[in-house]
Each structure stands twice: as C-alpha cells, then as structure tokens.
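Have a look at the structure below, then the notes.
For reference, chains read A, B, C and D in written order, and residue numbers begin at 1 within each chain.
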Amino acid sequence: MLIQLQANICPDQKTAIQDKAKELKYKTTEVITQAGHYLVGTGKAEFDVRTIGHLPGIKDIHMVSDDYKLVSRKWKVNPTVIDFGDGLQVKEGELTLMAGPCSIENEEQIEKTIAHLVSQGVRFMRGGVFKPRSSPYSFRGLGLEGLKMFYQLCRANGIKIVTEVMQVSQIVPMEPYTDVFQVGARNTQNFNLLDELGKVDKPVLLKRGISGTIDELLYSAEYIFSGGNEKLMLCERGIRTYETASRNTLDLNAIPILKEKTHLPVIVDPSHGIGIRDYVEPMALAAIMAGADGIIYETHEKPEEAASDGAQTLSFAESARMIQKMRKTFELRKELV
Amino acid sequence: MLIQLQANICPDQKTAIQDKAKELKYKTTEVITQAGHYLVGTGKAEFDVRTIGHLPGIKDIHMVSDDYKLVSRKWKVNPTVIDFGDGLQVKEGELTLMAGPCSIENEEQIEKTIAHLVSQGVRFMRGGVFKPRSSPYSFRGLGLEGLKMFYQLCRANGIKIVTEVMQVSQIVPMEPYTDVFQVGARNTQNFNLLDELGKVDKPVLLKRGISGTIDELLYSAEYIFSGGNEKLMLCERGIRTYETASRNTLDLNAIPILKEKTHLPVIVDPSHGIGIRDYVEPMALAAIMAGADGIIYETHEKPEEAASDGAQTLSFAESARMIQKMRKTFELRKELV
Amino acid sequence: MLIQLQANICPDQKTAIQDKAKELKYKTTEVITQAGHYLVGTGKAEFDVRTIGHLPGIKDIHMVSDDYKLVSRKWKVNPTVIDFGDGLQVKEGELTLMAGPCSIENEEQIEKTIAHLVSQGVRFMRGGVFKPRSSPYSFRGLGLEGLKMFYQLCRANGIKIVTEVMQVSQIVPMEPYTDVFQVGARNTQNFNLLDELGKVDKPVLLKRGISGTIDELLYSAEYIFSGGNEKLMLCERGIRTYETASRNTLDLNAIPILKEKTHLPVIVDPSHGIGIRDYVEPMALAAIMAGADGIIYETHEKPEEAASDGAQTLSFAESARMIQKMRKTFELRKELV
Amino acid sequence: MLIQLQANICPDQKTAIQDKAKELKYKTTEVITQAGHYLVGTGKAEFDVRTIGHLPGIKDIHMVSDDYKLVSRKWKVNPTVIDFGDGLQVKEGELTLMAGPCSIENEEQIEKTIAHLVSQGVRFMRGGVFKPRSSPYSFRGLGLEGLKMFYQLCRANGIKIVTEVMQVSQIVPMEPYTDVFQVGARNTQNFNLLDELGKVDKPVLLKRGISGTIDELLYSAEYIFSGGNEKLMLCERGIRTYETASRNTLDLNAIPILKEKTHLPVIVDPSHGIGIRDYVEPMALAAIMAGADGIIYETHEKPEEAASDGAQTLSFAESARMIQKMRKTFELRKELV
C-alpha cells in the first residue's frame, strides 16, 4: 500500500491514517522526499482501498504488490524526470549520454575531455576520484582535491559531474562538488550508504551489484527513495557469470524488465559491461534498441595511457563516432514505438 | 596451421605435405567438405610458413593460433555464405528471419503459420517434431510423420524448414524433409551427433550450450566443419545464470565476439533467450544492432494455446509488427557501418 | 501417483486400472523394469487413493508429489541396492569405491591399476575408451578394442568396469564388456541415450550436468528408470560457476539434498569436482561426511604421464593413503548416525 | 617482496631500505600491526634477495609472488593464532565453534543461548544487532543498546561475542562491546570499512562475498592486515550460483584452497551456506573433514519463532547433537593427518 499525502496535511490527519493502517495490520513508514510525502504500508491483509482512501489528507492511494513500493511503476505510471536546470533533464524519451575517463588524473586530462564532450553536445562527464580497488596496493584515486579541480573545470563549461561515492563520510565533503553521486557495483547493498544518500538532495546513479539480481537493485533503490531522495537513476553494468570471453556479461535483458517494473530512468554502462574497447559500440547501440534511457561509457584522449581501465576505454575519435551512431539509433527507436 | 589444398592435388603431393608437417612436429587431419579440401595441422613449433607453402598442391596456407582453426576468421576473412537456391542465402549483410512455433502440432497450424510467413516475406519456418524435454512424461513431439507433413506444406510454399535433430539415428530419416538441422542447447557437446552432421550436405544451426562458453561453441562448430560440412550457422540463445527474472540470460555480448572470431553467420534466439513475450521484440532489435545476421523466434496463431513455450511466443500480429521493426533496424545498422 | 502392480496381473485388470486413472484425469505410463511393474500416473486431481487402490492387481499405490516419481524417495523409502554378484553390492550403509585412470591407455596400465585396486580391496575400476573432448583434434580414446582388453583383464581379477558410453550406437557393442555404463556430464540431458539405457539390464552411473540442477539430474534418472532400468546411481561431479580457483565447483550440498529426495545411491567424483590433485583427498573425505554412498576418482601409476586429466589424478601411493582415510571416515559416519 | 623489520629499527635504516627498494623499482608500503612491522614491496623486477636482505634493520625478507602478500602462506608458513585470553585461542589444530541466533532479540533469548553454549563448552556466541536487509522495511536489528545487553550477559559467562559491523561509524561505539567484528558477505569489498578495521585491535571475521572469488577474499583480507590488524579469520558462507535447491552453494572447495594459500584460520558457515536446517549438520561435518578450523552456525531455542533465518536455524537439541558429532569428526581428522 502506498499513500500519497497532501502537502498541507495536519498531524492529526496523519495519525488517523496511521491508526487506520495499523488496525488493518499494516506497518507504515513515513517518507518525505523533495517531491512528495508518503506513507508506505507493508502488510498482507486485503481490504477495500476506500476504507483508508476516504480519510482526509490523502492525495491518492495505491495497492502495490511489489515489495519495492516507491520505485514501482505500479503506482507511478509516468516515468521519473530528473531536472538539472539549464534545460538539462534525464528522462524517458531523451537519450542521456555520460562519458569520461575511469579515473580523474590531472587538469589537462579534464580539459581535453571537456573540450571533446562540449564539441559533441554531451552534458555529463564521468570520472572517479575515489576508486574501489580489489588490492590495497592499487591506485585509489586523487581524492577530494581532485574532485574540486574536476568540478571547477566542469562548471565553467556547463558540464555536470558523475562521480563515485564509496562511503558515508565522503558524502558531505563531496556534495558541493558533485552533480550525480554514483554508487558502484560493490556498494549496491551497502545499506548505510544508501540510507545516507536518501538524505541528500542530489541525483544518485545506482549500479547493479556484481552479481546482483534485478530485484535486489530495485530494493536498493527503495532504500534511497524511502530515505527521502527521489532523484534516482539505475545502471546496468554487467553481471558475473562463468563466461570469460567478456569482462562481465552485460545483461541487456535487464532493460525491458526494469523499464516495466520501475518508473526510474535506466542507464547502461557498456564499457564495464563487456570490457573490450572494440565491442563497446555494438553493445551501446544494442542497449539503446533494448530501451535504455542513457549510456555511460569511458573515453580518454589516449586510452593506452589511462591510469585504469584502458582496455575498455574509447579514444575521442571512437567516442565521437559512437555518439553519432547512438543518436541515430535513438531516433529510430522513437520512430518505431 | 591450415592448409588449403588444390582441387586437383594428386596423392603423392598430399603425402609429401603430410610428411613435411610431421617433420615439423605437426599432426595433420585431412578434411574434405562440400567446398574445400584442407589439412588441419595442430602443433606448436614455429617455422617459416614457406617451408611447407612452396610444396606443389597447396592453394594457400595460414598459421591460425586459435584451436578451432576451420571456423576461425583468422584464415577466412570473408564471411561464410550459405546458399539455399531460389535466391535465398544466409550471409552477412542480409537479415535472415526464421519464425514458427516451438512444436509442430497439426496441419492447420502449419498452414496458418506459412500464410503468415509468406505475407511477411519470411523464408524460413522453425518448428520441432522431436522435442527434448526434462521430464520423460512431457509431450515429445509428432516425430517423423509430423516432419513429412511439415515438409510438404513448406515446400509447396517456398518455405525452408529449420528443425531440431536430437540423435544420430534421426539424421538419415530426417534428411529428405529438412532444410536446416538445428542442434539444441542440450546437444551442443553431443560430439557423436556433431561428427555425423559433418557428413551431411545440409546446413546446420548450432545452438550455444545451456551454460556453454563461446569457445566451446566454436569447438563444437569445428567438429561439424572438420567432419566435412561447411554450411554452419551459430545461434546465441541465452545462458544459465543466477538471475531468475528472465528465463535465460540472452548474452548479446556473444555477438560482436563471435563475429570477430569466426566467419560463420550468427543467429540470435530472443524467444528462448529472455523467455517473456513482451520482451522478445526489444531483445531482437538489440541483437540486430549488436551485429546479428539473423533472428529466430517463436510465433503461433494463438500463443496461449501452444503445445509448448506459449509464454514466450508472439501472436502473428506481434510477429508482423516486429518484422517491420527488425527490418528498419537492420537498414539503420547497414547505414551506420 | 505411482501404482505398483502385482507380478501376476492379467491384462483385463491392468486395463481396468488404466481406465479408472483416465476417469480421474490421470495419464498413465506403463513401466516394466528388472524388478517391478508400475503404472506412473501424471495428473493433478486430488482423490481418495482407495478409489483406485482397491482394484485387483495392485500391490501398492502412492501419491507422489514430485514430478520424478519412480526415483523419488516418497514412495520407496528403502534405499536402492544394486547387486553385482560375488557379494558385491552398491548400497547405502557401505562405502563404494571406484578408481582408475581417466583414459584407458594400454595393457600394462590396466594391469598395474588392477594390481593396485586388488591390493586395496577396491572392486570397481573406472576408465574411458570413448572420450568426449571439446576439440575434435584431441585424443578420443582407444574405442571398443580397448574396452575388450580392459574387460578381459578386469574379469580375470574380479574387478567390475565403469566406463563412459557417449551414444546410442555404442550401447550394444559395449554391453558384453561393461559392468556399469557411465553417462558423462555433457550427456545428462541426451534424452535418447537415456531412453536406450532404460532398456539395458546393466547398472548406470548418471553424472550431473555441467551446469545441471539437482532436479534436472532426477528427471534424467527418471528417463532411465521409466525406460525399464532400476539399476541407477547418481554422481555429483562439480558444477560450473564463476570461480576459477577450482576446475569445477564440487557441490557437496547436493549430497544431503539428493539423499532425501531419492532412493538411489549417490556417488561423488572429487577428481573432476575440484580438479587439483592435492585437494582431491579432503574433498573425498568431506563428501563421505556429507553422506555420499561412494567415491569415484582418478588414479594412475604416473599421473604426470597420463594421457588426460593428469593434474587431478592421484598416484597409487596417494590413492592407497586416501582409501584408508576414506574407510575410517566412513566408519565414523556410521557410528555418528 | 615482503620485508619484516626488526622491532628496534631506526628511521635511517628504514629509509635506506626504502631507497634500495625504489632503486629496484619496487613501491613499498609500510605496515605496522599488533605483532609486526613490515615493508610490503610491489614490483616486478627480479633480483638477488640478498641485495636488500643484508641491510641493517631487516629481520627477514621473502619474495612473495601472490599479490596479497601479508596474508599469503608463502612467507608465513606457520598458521596464525588469535589469542582471546583465558586459554581461548582460534588456531589450526583446534576446532573453534561459534553459535547463536541470526538476530539478537531480547535478554531471555541471550540468556538461554548462553546457557546452551556453556553446557556444551562453546566459547563464542554469534548474534546480529545491525542487520543488512535487502528491503528497507525489514527488521534491522536492536542496534547498540542490544549489543550492550548482549555483551554484559556474555561477559558474565565467559563467552566471546561475534557480531556484524556494517559501517565505519559503528566501529568506535561497538568496539567496547565486541570481541570479534564480523564483516558480512555484502561488505567483503566495502574497502573503507576494511581500511578502518585495519586500525582496530580486535579480531575480524571476514566473510566471502555473495559471489566473491577466493582471490577477492584474500585481497580484502590484505586490506585489513595492511591497515594494521593481523587478527583475521576468513569465512566461507556459500556463493551464488544458478542452483535453487539450496539457499546458497556452500563452496567447500574453498577450504583446502584457502588453507594452502593463506596462514589465516578458515571458518565455515553451513547455516547460510546451504540454508536448510536438516542439511546443516552434514555440511558442518563435511567442512571439518575438508579442513575447516571452525564452524559458525545458527541456533535458537525455538527456531520457528526466530526473528530471522528460522528455516536454517538449529534447535538447542539439534545443536548439542551436532557439537558432539563435530568434535568426533575433528578428532578423526587429526588422527588421519
């Protein structure tokens, strides 16, 4: 059960609704986000929805059979729109592109990447300053100082930043310099991080776990939404299977399934997904035909010199070519609907 | 090492080549197919290719590092073309469509499906008469009598038949009534079946194993080719993973990887791949953008009444709509190359 | 529904039972094995079991909810005993050991292995003469002539042969020289092979598929049993996962699960399961504590010179040591029940 | 390269060693733990170990080819011993048992569990107060207040606490009331948490990731060790595969592999591993025979009323029976070495 409350609901009205829900053996969780005020009810009893629905203070009420209720498309049929100002929105019906290096390395690298993105009309730059690495002895990124430099250069050029946050204590220092908090595949079920990102008024790009199910991704999104943050994007980035011919198994099946289950935008990462430079483009185009709302990928002036992930990173020339193809593919998809 | 022999090579010349290879510590296997005459050499020594290459009777010689040599694109850069007569070919650069029910049920079903295919310009009809079933108590298909009926109706309408062969003893009786022998996912490593299909002069559609690697698929193709049959198509049909939201995990990553590794056509089966009717179309379109040479899928006049696989089968109306979209998608892909 | 028929049932009585079942919307399959005569009924209606049970000619009737009915422990609570004569039985409560090389190579190899087995009181020798190989260019075994030599030497020493059958056409020629037909992991769902093995009066050792589920293994066993052959053993040999530190992931979880679901003996193959010589022993001992009825493993006089699988093969000294430990472990398990 | 430094090394000596390593193109990381002082060198050049080894201040030097150097058995052949005082140690050669409920529920539950453990001579009680849950609406544990109660009752009875820490901010408040910090399967690659646990002087039980490789587990252990904490235990708890007959696939193959690769103790969790009450005992006994140094499992006075994981939790009677069997099995294993 999902109850949308009216903006001007008074405390007594809310209490009356909660009491009624309790009477019906539903546990309610109150959720206040940037855009709405909800009571999420979990329980099993079946009842006439009007029993509660007629109470004052209620805007709308939906019975949602999914356990992830706030991110479910069963109550919110219209897809989520995330507004970044300046006419920039992430939403169904437009193709969002996010590109950049795996790791932020230095000022020159950022400037060259920005110049490439601006020339192609791409508005989001990805790049990590905190890098999760399997081995403690690997390069772990430039940290906050790198992020500040990254931010200043992007801001001066109208580019939005997508960058990974690895832990709760990074959220506050990163926030002034971040446009989209990316949650990596190793943190999809870092529930405390999700809880805290629920309290932030910045969009979050939530990646599917390394061997996460589609349902687990939606539950993790529910954590952030129920924490108070509706500005959510989901990201398919490949799953772990027995096959070693590709780095991961990019699971494009997840796209139509997610698009039906949730109102959130679905972004696809073919770079990590297949992990081999020459195959990033066909997977990106395939993802678009499968219904993706956006593509995030890795590009670098000199991929062979990149600090990390060079083998799956496109040169700017390859990136430019792929952007043109992605846009044409997206146009065709819109025609075919 | 792959040696193409001249058509008119005399026995002494062949022996001289084999002796030379032996001297270089290479084991040779002689392969005679519909289209060529080869010596496949397996060994590790490095030598100047001219050492052998200058011998009389040799058309061409290639060092092929892959263990699957005959199906490798490293010696045969031009993609394989499979000719069915009447201007019908399966080849790179054209979109091959194969459609029909999971199981052949009766004459009326075949006639209606043929009418649908003819109206859409589809030249291949799929349909099983020998059905591999997990449980011995399930319906196992109409058998050879069903195939004969299937064949007569198709032949009268210029439609080619794609149908599964499950065991060696079925090959001879099926051959007069079959245009493409399909090897199912449970038989990808049924090596005796592969050996015997190498002796047949009919095309084979070889499916990837239920949890088969891409390399295993290519090795299995090598069995058929080295048995003497070059008329081979590969089929990605979804792999087994931990994810249960889709029936299988259709692995589109396999398409660009296979297209680079082999000269054989790559067909994709989105019906078994994702296993949910509503998602077959987006996966088919995605497969085409990823580089597939063809799509095989399930369609039935009344999917809900199909003897098997109804949940993943398209109605004729859905099929017709998807065909139009697939063709437009394929046109775009050709433009973008 | 599983109906055991009396040995002396007359045709009219059988027809009456089948008619009654049909009336209750059950489809019946008649099964005649070495040991019994059954009607397997598949259907969903619930009814008082006495409705059928009182009919003449019925020995016993059980409602079995599993779809694999004949191999289910829900009707046959007592475990299956497979008798080889000479006091040799495979059964719960005794530890069956089967050992030998991956491939039969020559007479001397067989003789030395037999001497080792005899000295240790092991009664079954494993060894392949038909080898399923991923690549068509690998050694495929000595074939039938090798089997004849293998058989003569074993017979003279009271040793029973366990050897792999790969295809239907091998069954008849192999039968005189084979004591246990092994079905390999690539053939677990080769349903035609299973059907034909159902017609043979020789025990079958059925391996779990490369990525087969426990249920699929039981369904495949049901194929053989319903074909008429009750002399069945199941074999856990490792499944395919993402982990590459072991050759396969030997799934010992399957042992207690299988022991509860079926009355058939469960044998474990730690050699293929973990695939690394040093770890075969701990996995064998673990399998016994988990409830295995037997262990099948690879041993060779000189593992480093074995024609195949040397890296997972024990020397005779290692084998002898492991046998002692396995027997002590098995004694402890019996004490602890 | 792993360099053990002398306790009384002076700064100049250390600098000289670091300079020499740099000259050989090795990057060094200084590690100071409770027990030792190390320089971990990562690099590829081969050189005579005496080049560095003769420098003053060095206790010992080892070339370690593994990328996880500190946790590797290649330099520290003797297994790690973790001392808890009062004669309580976790170490190879003794069987460590840890038991208790999934979630701490209330005082009575703790008291009854302690009474059970004391009666059986078990010295560690497991129990969660911070619970990672897929859904934000599930019970998330009693939190710090629950832990304090848990600690007081355990301390009064000589029982050590094993409890899960989910995030960095919990470490400091939990530390006074925790004997072993457990890192759950969703946090195995929460690198910031690992970094911080490296700074704590309390043992850590690190679980393998949900689909983590054995190598990833060792890398994560290296994070904690290189952070300064040598008191580490590893825990196999089942991996995610396609098989659904068990909750996870308890991977006993990991035991002998880990025991060879690392000097750290290896604990096995059969409760989460197989996830079905009746099968916990055979898997526990199997784990011991495979070489496990300890077993952690779930037990509850009334499993069917447990707040979580009841289906895999043993009653006290089942627990007592299993303890006796585990000890006898461990005795046998020691005899057989």
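Convention: contacts are C-beta pairs under 8 Å (C-beta built on N, C-alpha and C of every residue); 3 or more make two chains touch, one makes a residue touch a chain.
Every value quoted in this text rests on a predicted model; they were computed, and no experiment measured them.
Common neighbours of subunit B and subunit C, listed by label, are A, D. Taking the mean Cα position of each chain as its centre, C sits at the greatest distance from subunit A. Centroids of subunit A and subunit C (each the mean of its C-alpha atoms) stand 50 Å apart.
Measuring from the averaged C-alpha position of subunit A to that of subunit D gives a distance of 33 Å. Inter-chain centre distance (subunit C to subunit D, centres taken as mean C-alpha positions): 38 Å. Multi-chain contact residues of subunit B, defined as those touching 2 or more other chains: 211, 215, 240-242, 244. Looking at the complex, you find that subunit B touches subunit A at residues 211, 213-215, 239, 241-246, 249-257, 260, 273-274, 276, 278-279, 282-283, 285-291, 325, 328-329, 332-333, 335-336.
Those residues of subunit A that touch subunit C in the shared complex are 211, 240-242, 244. Within the complex formed with subunit C, the subunit B residues making contact are 27, 29, 40, 42, 67-68, 132-137, 166-169, 186-187, 189-193, 195, 209-211, 215-216, 219-220, 222-223, 226-227, 240.
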